[in-house]
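See structure below.
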Amino acid sequence: MPRILVINPNTTASMTAKIGAAARAAASPGTDIVAVNPADGPASIEGYVDEAYSVPGLLQEIRAGERQGVDAHIIACFDDTGLEAARSLAGAPVVAIGEAAFHMACLVAGRFSVVTTLSRSIPAIEHNLVKYGLAGRCARVRAAEVPVLALEDPASGAVELIAEEIEAARREDRAEAVVLGCAGMADLAARLSARHGLPVLDGVACAVRLTEGLVALGLRTSKLGGYASPLPKAYAGRYADEAGLG
Amino acid sequence: MPRILVINPNTTASMTAKIGAAARAAASPGTDIVAVNPADGPASIEGYVDEAYSVPGLLQEIRAGERQGVDAHIIACFDDTGLEAARSLAGAPVVAIGEAAFHMACLVAGRFSVVTTLSRSIPAIEHNLVKYGLAGRCARVRAAEVPVLALEDPASGAVELIAEEIEAARREDRAEAVVLGCAGMADLAARLSARHGLPVLDGVACAVRLTEGLVALGLRTSKLGGYASPLPKAYAGRYADEAGLG
Amino acid sequence: MPRILVINPNTTASMTAKIGAAARAAASPGTDIVAVNPADGPASIEGYVDEAYSVPGLLQEIRAGERQGVDAHIIACFDDTGLEAARSLAGAPVVAIGEAAFHMACLVAGRFSVVTTLSRSIPAIEHNLVKYGLAGRCARVRAAEVPVLALEDPASGAVELIAEEIEAARREDRAEAVVLGCAGMADLAARLSARHGLPVLDGVACAVRLTEGLVALGLRTSKLGGYASPLPKAYAGRYADEAGLG
Amino acid sequence: MPRILVINPNTTASMTAKIGAAARAAASPGTDIVAVNPADGPASIEGYVDEAYSVPGLLQEIRAGERQGVDAHIIACFDDTGLEAARSLAGAPVVAIGEAAFHMACLVAGRFSVVTTLSRSIPAIEHNLVKYGLAGRCARVRAAEVPVLALEDPASGAVELIAEEIEAARREDRAEAVVLGCAGMADLAARLSARHGLPVLDGVACAVRLTEGLVALGLRTSKLGGYASPLPKAYAGRYADEAGLG
Amino acid sequence: MPRILVINPNTTASMTAKIGAAARAAASPGTDIVAVNPADGPASIEGYVDEAYSVPGLLQEIRAGERQGVDAHIIACFDDTGLEAARSLAGAPVVAIGEAAFHMACLVAGRFSVVTTLSRSIPAIEHNLVKYGLAGRCARVRAAEVPVLALEDPASGAVELIAEEIEAARREDRAEAVVLGCAGMADLAARLSARHGLPVLDGVACAVRLTEGLVALGLRTSKLGGYASPLPKAYAGRYADEAGLG
Amino acid sequence: MPRILVINPNTTASMTAKIGAAARAAASPGTDIVAVNPADGPASIEGYVDEAYSVPGLLQEIRAGERQGVDAHIIACFDDTGLEAARSLAGAPVVAIGEAAFHMACLVAGRFSVVTTLSRSIPAIEHNLVKYGLAGRCARVRAAEVPVLALEDPASGAVELIAEEIEAARREDRAEAVVLGCAGMADLAARLSARHGLPVLDGVACAVRLTEGLVALGLRTSKLGGYASPLPKAYAGRYADEAGLG
């Protein structure tokens, strides 16, 4: 029975709960989903600065998961915040929800668009697509101009703004599928897929199935190259105990 | 309980059996794997001509699977022969083993090499990598110069030739993982991974887990764009009954 | 006096005749154009499934041409259906009309757009452009939403729909030339070029001149690498006699 | 008189001193160079985990510099650690030494190679080159297999190992220039350039001159798009005071 | 005190004067700017033919500058006319204003658009961006449809046409910065930057600061590879004395 | 009967004669080949400076050809010197021998290498391949380290040096064809092709057949975009009469 740690790297507990529920809904019967968030960091991740401050807390959760012997880790932020560091640190495989959704979308569509929250997040997502090699599969990254935490508020009208961008993606981008660009949208995929008549993918669900697959097949992060385990070394100041030598 | 049709597009039954066994070994407990091969076509697929002749038989198996209500189709040839046509034809999702291995390799390594059978197959695999957008993730496509059917013969020395290329990939390509480039190598991944100390991926196993995931998440091929269902039309001659209007 | 086999891979004889006439109009005085189509396959090629079923018939025509000693083969479908397989099979050079038009367009324009029939054909054409390396030269692949066989019917209004897309290509794509994206448009290039004031290229004419050039210069497909001649091997079922060992 | 804050994102003071000296040697007469390092974080940055833990401390230094009214910031780690977050946070322009060296190398050579410390750092540098658009200008990223802190020890033999890679870059990569891939190599550029007969670039010096230029021309980071200033929001835990609403 | 030769490759003296003034305004206190133009060639450079005829005169100015011992050369035409030849010929470093603006824009924005004079100049600028590797950083090259010499005439309304394109670049291209695409716009950058609220870069100013940096750091063009000094050889006709052996 | 002007842009008459003979050998029976070279310029083109000085003379030959009503122009230098300017100037189509060979090679091989004269010419050829979009089709540009004029001297041993590089291209580059990278090698293609067992292409012959094709099909350079005819304008100094307003 695989145990998968799902880490929401922001510190908003209601969002962690929603992500956990979405992950459980997507998981195989026997999979044990543990959803957590760090104690330190931003209430939501909207731009590069929030990303940067969320990573040490995320890595603490990775370390805790490793100590508890989890079988895999999921990073539940669509910017794939801290993915490379987490992969270096962990023995168990690590999947982030952005990459998960992109890879799964490639299996059901030749060309997809992304609908994310705020336009300030577009460049980070575009950089990830380039880094993963999948920029050519993505027609366009769109923003619904919905703050992350508005997704927690049913009265915010966020769903309609997202739906408008999905329609625009069909009409203007020649998109064959749409990837939802925020972990906070994890509960919307099925509904929007039915409404718009094309596959709408949520990265949390995709990541759950991909990590289950990696675990079942015994595939772990290669420790050759960039994901080599960190060298033991002195850390000064507040990270000395959590990340340093001893 | 999902039922997945695994189609070996060549006509060698012993290879179909081996692929089926590998698929079953990789599948979740409740998954029903049905392994078939077409009645018409080449005994092995080694180059573009063999590919071309295997596709109508492959599409017949896809049609048969659809009539029987399978939940997903796997194309078990590393060239991903006939993938686009199969995706257009099927209502259920279709995954090919080459793309499956490439996408899974991206989750455990920054950079991988492929080890395939004959060097005449290298350009087709390179074209696929470019088409999928993943050429930048692949350090090199290597050939062990092993004919496909030699993989069915334990005395052929094929495994040692493959192992030599894996070592070369580590040493010369800076590869962090290796993808095995033939369905006939499906039984070798775990052994070679242990021996060489890096992830070695087999596309059959990867495709089983990816299709299970697509089925569980209700994701089906988009019918917008290139994978639109074929238009009903007259077919002349021998395909009139299997592919034509009436 | 070179003899060039022009193969329309669909089974519509009137279209074969039109293609043959266009090829003859483009050929040098002494060139002998033989236009044929297979006995088996779809009446028109509109998407990946039709493509797949047209290839075995196409390869039979290639084989017949080789036996008759033709000097070159042309594949007269804009998707360049079966090109790699045909090139592997044939001793004589093979040119497909899509690639022919793209290469010639590069000699008269920095940047071109394509106007094809149906939008379902756009992804296949885009894949070819990427495979050939010429995607950066193509501003956009457009569809006039004209079924292939409507081009055979003067009353269909197809020409006006194509003309509208050419105007849009000039205005919106900054296209300096336009490539007509279907063999069935072979009779329209000169007229549309005069009407729109930019080079409009038809792939059939381009392919005739390119194959004449290859023949005159003694250039034949390299048999190193992906286009190596097929290995002799057993074929099961209906292709045993036409493609198998004996 | 511009004041430029040079931030060594690791916590090794001797390296900060060397970087500061190199920056001063490269600066215009009137420029005031202030070299600092954070109180918290790794003693050296060798891989993704060290990178991640260095960023909050780096951002504290950026904030302190902004309060003191510095005219520009330099990030003196060749991985360009935290560059996007720093650019979002700061009003003054921010330049990182990796990008600085790459852009300057493009002005004196068609093609350069990088010589960095450890091979585990190669993928991060390659990702940056792809993100910046300059991967095509870089022939190869090489590692001398010298730990960062060995550069602080004259007896380590590090210089000879670096010199060997420079020779290999000339001979094997067709490199026309070499970029030194670590802030700790800042004192070696002139000597190695003279010895090997090609431009050898140090990013610290390049960054000083580029930031002086940005300041003189009044160019500051655009706040449209990805580098928009962070939204005010609640931060939980240990970053609440330094990064949160207040 | 560095002496920098700024060469306007067209023969319009008023434009040379304006470029010289812009260069002086951008230069460090001690820098000596010498602005010249060739005696032979077009009054403005608008397209490939004008470019071609301006290069021998440009190279004569480079030669004259070398004889006088200038420390660096700037080519003040946004097409970067003759850059490679100048770099081969000169011992001192050479920077062209197009590349200068592109590299500096990369330090203050993730993504920029260019606003040039006439649409016939767009392809040359696009080619340069591809050659430099920076095409991915440029959202779009726009033309204000202003002839080069209209920029010399305050009554031409040129500034408003340029301002309209800057607004379109913000709105339609998601541009975070704008590069002015003509040396004749060198006096407009600060004003337009203030008006439009994003960095607007002029290549003349950027090139001055970049060449000052190269000089200060002792960086000169690599003579390995494509920029090797020309081989001594016989030249026939009118160039025999200026470019030939003796 | 088409008349084609073949311009050798250097001033070595013996090389012009050899090129003319190669062009005639490749031409259709009725084609009239006129081979010329400019009066002004370098004896051979080896690097960017020689290129630059050859272009005004080349353009004078283009102008002369236009006045005489030639049907097409060929630029017989493998660097494709002056191609864009010539295309802008001429009404008749213009083909350069580098691009000609690259496009034809794409029709007979998936992947080719180039063998040119001196390594200083490699970057210019690589830039052209990138500009044309065909860099992905070229495995490697190699230099035999043979000066251009050594090709005029049978005792120079040049052919053996070229043959060695062709063998290396087969063995090391996985090249399926080889393009000869200098007009002075035009007489060697058939011999080397037979000797090495793969297609060896000479650009002069390829360009003759391609221009014949363009002429026959009525295809001329598009005057939309970058190849627009030059605007009439004042030219100062020595080009006033040949290029200026008049």
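By written order: A, B, C, D, E and F. Residues from 1 in each chain.
As a working rule, contacts are C-beta pairs under 8 Å (C-beta built on N, C-alpha and C of every residue); 3 or more make two chains touch, one makes a residue touch a chain.
Keep in mind the model is a prediction, meaning the values are calculated, not measured.
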Note = Between subunit C and subunit F, the fewest touch steps amount to 1
Query = Using C-alpha centroids, which chain lies at the maximum separation from subunit E?
reply = B
Message = If over half the contact pairs have to be identical by residue number, which pair among E-F, A-B or B-C is the repeat of C-F?
response = A-B
Remark   = Residue numbers at the subunit E-subunit F contact, same meaning over half shared and different meaning under half, come out as same
Request  = Taking each chain's centre as the mean of its C-alpha atoms, give the chain farthest from subunit D.
outcome  = C
Remark   = Between the Cα centroids of subunit D and subunit E the separation in whole angstrom comes to 28
Ask   = Could you state the distance in Å from the CA-based centre of subunit C to that of subunit E?
value = 44
Task = For subunit A, jot down the residues that touch at least 2 other chains.
result = 110-111, 119, 122-123, 130, 136, 174, 225-227
Ask   = In the complex formed with subunit A, which residues of subunit D make contact?
value = 11, 38-44, 46-53, 55-57, 59, 82, 84-85, 87-89, 119-124, 127, 130-131, 147, 225-228, 230-231, 233-239, 243-244
Task = Quick one: which bits of subunit A touch subunit B in the complex? Just the residue numbers, please.
result = 26, 28, 93, 95, 99, 103-104, 106-111, 132-137, 170, 174-177, 190, 193, 197-199, 201, 205-206, 209-210, 212-214, 216-222, 224-227
